[in-house]
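The following pair of complexes shares a single chain, chain A, combined with chain B in the former and chain C in the latter.
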Partner chain A sequence: MSLPSADGGPATLVTAGHRADRQPAPRKRKNFLGRQPLGLLFSAPYVIYILGVLAYPLGYAVYISFHDFFFTAPGVQVDRPFVGLDNYITVLSDPAVQRSFANIGVFLVINVPLTVGLSLILANALNRVTRLKTFFRVSYYVPYVTASVAVVGVWLFLFQQDGLVNALLGPLAPNPSWLTNSWLAMPTVALFVTWKQLGFFILLYLAALQNIPDELYESASVDGGNKWVQFWNITVPGVRSASVLVTLLATITGANLFTEPYLLTGGGGPDGASTSPVFLMYQKGILQGNPDVAAALGVMLVIGVLLIALIQKRLVGGKED
Partner chain B sequence: MKHGKFSSRIISLTAIAVMGAGLAACGGGGAGGSSAASVTTAKGPIKIWYSNNEFEVKWGKEMVAAWNAAHPDQKIDAQEIPAGKSSEETIGAAITAGNAPCLVFNTAPVAVPQFQKQGGLVALDSFPDGAQYIKDRTGDLADQYKSSDGKTYQMPWKSNPVVLFYNKDLFKKAGLDPEKPKLGTQEEFLNAARTIVKSGAAAKAVWPSPASDFFQSWFDFYPFYAANSQGTPLVKDGKATFDSDQGKQVATMFQTLYKENLASKEVYQGDSFAEGKAAMSLAGPWAIAAYKDKVNWGAVPVPGAQAQTDGSTFSDAKNVGMYSACKNQGTAWDVLKFATSKEEDGKLLALSGQMPMRKDLTSAYADYFAKNPLYKQFAQQAARTVEVPNVSNSVEVWQTFRTAYAKSVIFGNESIDDSFKGAADKINQLVAQK
Partner chain C sequence: MSTLNKAAAPNDENHGDDDGVSVRRRRRLPGTSGPGKTAGVEKRRNLGAGSFALLALGAFVFLFPFYYMFIGSLQTSPDTSVAGAFPDPSNVTGENYTNINNSIDLLKGLANSGIFTGGVIFFTVVFGLLVGYALAQMQFRGKGLVFGMMLLVQMVPFQLLLIPLYVMIVRDYGLADTYLGMILPFAINSTAVFVFRQYFLQLPSTLFEAARIDGASELRILWQIAIPLVKPAIVTAILLTFIGPWNEFLWPFLVTKDQSIQPLAVSLANYISNIAATASNPFGAILAGACVLAAPAVALFIFFQRQFISTNIGSSVKG
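After this line comes the complex of A and B, so read on.
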């Protein structure tokens, strides 16, 4: 069986006992720009974007992190000696940094499972809703597209000492209140971010749900499977690729947490209980003029997120690969 | 396969070339061809930035119009400081990019050491009459704006001496004398705070922001510390000063305010004083216009531990910096002198209510203060102000202090003794760095 290949020639499917690489490939005319020169042109804008906006800054950040570096006016000659791991040692020995990583750990432990679970359940429910479908979808999506600065006011109204939540809880209200309580500040921030981003992740799941054939649910129904059985045995495995994506995206955006603690808890309060690594990068790199230490912190954060993402992909992705 | 390898090589080489070029570009370019001397005398058009405060914008536009009318060949192109999280971040980015304006009429003293380190500022002493002009205009107060190298990189411009505002209506409601309130000492301040909250006149006696921003201490601890220590700066002669009896006394007073719920640990969204949620507030003369028609206010000097008539406070000054990207520094210097002349200072005072940093402030504008007696208190206080120390790593110094203060005073997670000792040790190290 043959399928048309990219270069127009037949592509042989790999089958047991007939490895394609054993076949002598037909010799093609050598071309300096490859077999599809136009492809380079089409991909160039994105490649340039990646190089300029992602690869170069990342490379430069790594460079900065190994030097005694600060930003200067053009033309100002200063020594920027190589300092090895000094900046990394400074970062690792800073109690504020250690605490920020612990904070972000708490955030991710709450935010990521909640995001995955709630968005899957809500997407599944929304997929079955027949009336007011658009209304519900827009309702969940509105917080996501609304600026944090705007919706933070609502949450402050809810969770402040004299806020609505405490008024409802009465004597059960926590003391100190949510946003000034060292134990509750980060979980409250995690809840806020979960709520705010849920709409986006619901959309991802809704798209994935469209790929599950109805026949599977009909078969399960005929076999006597109730809704729970159908959800667990058909829906969850059916959207596994979306779950991997949601998990990774929630982890990456969560690890880059900045705006929410900046606004909700007065800059990482109380007493650093909701400080995030990115907030410290901002403090050290921009406010305090120590981009070398901030870069080291950033590089460590990137490595940490990559490791977590790798583990998550292994755990959530299962046998998908 | 060969095509694939070859393409990969091309892409890899391109990536390395792009990154290498970028790194090289950021390694620092060559300096301009002009010598330092010719730049400081060069005349021609210049750019300036001023604050987005409506009163300062009005003053800035009028000042620029007056200059441009008299100097058609050296026109000023003026604009408000571009938007950013803070003016200092915007200016810092402009220095790095090499497109900072000649003058910024809103340069925070705390940012000056960093801008200087970046090579972004021009020493005003490099102008033949620079040092003398500053001394003649500002007097001895100008000394605290000198940098560690002995040079002056900022023109002391205007201050907003912080005093204690109080709401007369809420004081009356609480049974306190609204015209002559007992706020002469920190003990009296604490007693008034207890009375206000206990009476239910206001939710909180005072509501300084508990946020962790490095500058928040300028509006709670620092004015009280200045009043309590005869105007001692946070760092003096390279050593932190707050780990002292005076500093701990102020810290303990604020700790009591938080412990007894007389102050809030939550950030208030809005102006708690204007909205009647707090009965007292620390602010400068800018607040007179802001609270006009909103609050029936009175103001007293920030109290010290003992009653005093000549207590100090925090200046909350904003200065003018000349930036090294400026090509026509001769004109910039002339504009700076014009904008800080007696006439222009008088216009700034009349428009904004902020105090020009002139040693002859009350006598130079005697008519103004006679017609506007509310401002006289601030003018008298302006002579007794303390600035943020002009030291290395100044922002990190303040952040270190704020973190320690929040931990011990606001949230009570550590003793004041331990917290202040640790912060003082770290600050001493930071200040010692170059």
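After this line comes the complex of A and C, so read on.
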């Protein structure tokens, strides 16, 4: 892998040892583990972390979702019978769950295209601007680095019944107001998340734009292509792989929605118009003590996201995949 | 594609000033060249007034809520009219900060957020540097497996882990209301590990071979040679890691019931959803708390904005 010639003599020794390591010999055990077996020790904390905090819980989630599982005091042994798909049936037949999936659908339909479009347009402009570049860049990622809880406070203030937004709209202000209107609550949440996350996606697009060679733009303008032609025929295809990534990440972020419906619309109101699946997982699993149902909901949500992601990859990725 | 980008990144910086003109003629490097350098080189691709207005409008939309948050936090009585967006000396007070501080201990909340975030950053930097170095400059059995795990992990959705982690950490291990319970699920940020590996990979392997031949131990090579060369990576990784726990709400909200250990994001959220209704000027107090929660993150990122640029993020996410 790394240049064998660089280390001269020892390299040949090691290569020879590598070939012979099928016969166990004490002298060669070191080579069996590689040239720097200490690498295993260096990786150990990370590997233990991944196995303990990510891999094991992942399997545990699936286990919980197929069993009659409930909370117990630490160390208490109880019987947790296998119940097959019961938890999944409970989840699927719950109207609140169906509603929350529909809500997420509304959210994604608004949030994802808006995120992809706006972040590409702003990144493209930001890439070419010469004055105030740093100022623009910083102001775009400030919402992204700020806690949702903090900015939720000011959005509540802006979008309340007699808030600044409605004051500006005057007679056009919706009644009931944005976050208490069952038609507008989810779109307002989607708008909030778009605003909050856009800076991160602008940074991703900025990185992708660096890969488009300038010659393409030069020859296009020699051929008389205007800015729009250049944007559609050079920029958009040139950042296609970034577009796939932005679409997938925006979808995954959207599926994880919790803080915004919890705080912006007071727990998914009005009348469940803005509940999200993760909010229901919290409600069912932890507040109502049905972790098995919540785990099944989590598994279904992830499967749903994977399916959407596959479709999106086809749609956005075009023929190259 | 992505390797091209990575290979290009260090060159961009090297060519920055000395032979910049010749390089720019062939291939302009918009991301890394500063404002002054590109001016006038290629008028064709300079920005029209429309695009500049678009950028300015964007900046307004992104920044105005922050300005309004600050103005609102200083108002004696909330003024939601258009005039309220401008400071009014007769309506300015620091009382909201006192009020929120009486309901939730702001300093304690900040300290808890700091311990939570600091713990995650500590584990990420210590163990991330070790595994990042091993993945980049050491040959050992199972290396491919560790690398594959690191990539896979970044795709595991947190909502799937929510219930089992809650069962394990809160119920089985009894780590509710502890800092460890908060930190554990986030302890080592895999994106930061990836950033470390990328930076270590850019160092010439001959450097390390030579040190090994001279008999230096791996730990000493890492500490005395490798780490001093990747200081920018450490800053980038700390910034990347910081955003997660400082802003995280759901997990610390689930594991902490005791207010004296809650990070500020959690205690402020509880204030918004429970107590605010009974306060005399709830929005003033909420916005004051929001300013306190937002200020450290915003200040940090403005101060280190150079380290938080597209190439760093791009290489870390694209793989």
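Everything that follows uses one rule, which is that the second predicted complex is superposed on the first by the 268 of 321 C-alpha atoms of A that agree within 3 Å, B and C clash if a C-alpha of one lies under 4 Å from a C-alpha of the other, contacts with A are read in each partner's own complex, and residues count from 1 in each chain.
Convention: a contact is a pair of C-beta atoms (placed from the backbone, for glycine too) under 8 Å apart; a residue touches a chain by one contact, two chains touch by 3 or more.
Nothing here was measured: the structure is a model prediction, and the numbers come from that model.
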Touch check for A:Leu92: first (chain B), second (chain C), both, or neither?
-> neither
Is A:Ser177 contacted by the first partner chain B, the second partner chain C, both or neither?
-> first
Is it chain B or chain C that touches the larger share of residues in chain A?
-> C
Would you check which partner chain A:Gly269 touches, where first means chain B only, second means chain C only, and both and neither mean what they say?
-> first
Could you say whether A:Met281 touches chain B, chain C, both of them, or neither, answering first, second, both or neither?
-> second
First, second, both or neither for A:Trp155, with chain B first and chain C second | second
Does the superposition put A:Leu164 against chain B (first), chain C (second), both, or neither?
-> second
Touching A:Gly289 in the superposition: chain B (first), chain C (second), both, neither?
-> first
When the two structures are overlaid on chain A, which partner does A:Ala220 contact: first (chain B), second (chain C), both, or neither?
-> neither
Of the partners chain B and chain C, which touch A:Val47 in the superposed model: first, second, both, neither?
-> both
Could you list which residues of chain A make contact with chain B in one structure and with chain C in the other?
-> 32, 34-35, 40, 47, 56, 60, 71-74, 153, 156, 160, 162, 266-267, 286
Contacting residues of chain B [partner chain A, same complex] | 2-3, 6-7, 11, 14-15, 18-19, 22-23, 26, 28-32, 88-89, 92, 95-98, 100, 114, 117-120, 203, 209-214, 264-267, 269, 324-325, 393, 395-396, 399, 403, 406-407, 410-411, 413
Can you list the residues on chain A that touch chain B in the complex?
-> 28, 30-32, 34-35, 40, 47, 51-52, 55-56, 59-60, 63, 70-78, 96, 153, 156, 160-162, 176-177, 179-180, 182, 266-272, 275, 283, 286-290
Note which residues of chain C are touching chain A in the complex, please.
-> 1, 4-5, 8, 12, 27-31, 35, 38-39, 42, 44-48, 51-52, 54-55, 58-59, 61-63, 65-66, 68-69, 72, 78, 80-82, 84-85, 127-128, 130-131, 133-135, 138-143, 146, 149-150, 153, 156-168, 171-174, 184-185, 187-188, 193, 205-206, 209, 212-213, 218, 243, 246-247, 249-250, 254, 265-266, 268-269, 272-273, 283, 286-287, 289-291, 293-294, 297-298, 300-302, 305, 308-311, 313-315, 317-318
Chain A residues touching chain C - in the complex, by the definition given at the top | 1-3, 6-7, 10, 32-40, 42-43, 45-47, 49-50, 53-54, 56-58, 60-61, 64, 69, 71-74, 121-122, 125-158, 160, 162-164, 167-168, 195, 198-200, 203-204, 206-211, 213-215, 217-218, 221, 227, 241-242, 245, 252, 255-256, 258-259, 262-263, 266-267, 277-278, 281-282, 285-286, 291, 294-295, 298-299, 301-302, 305
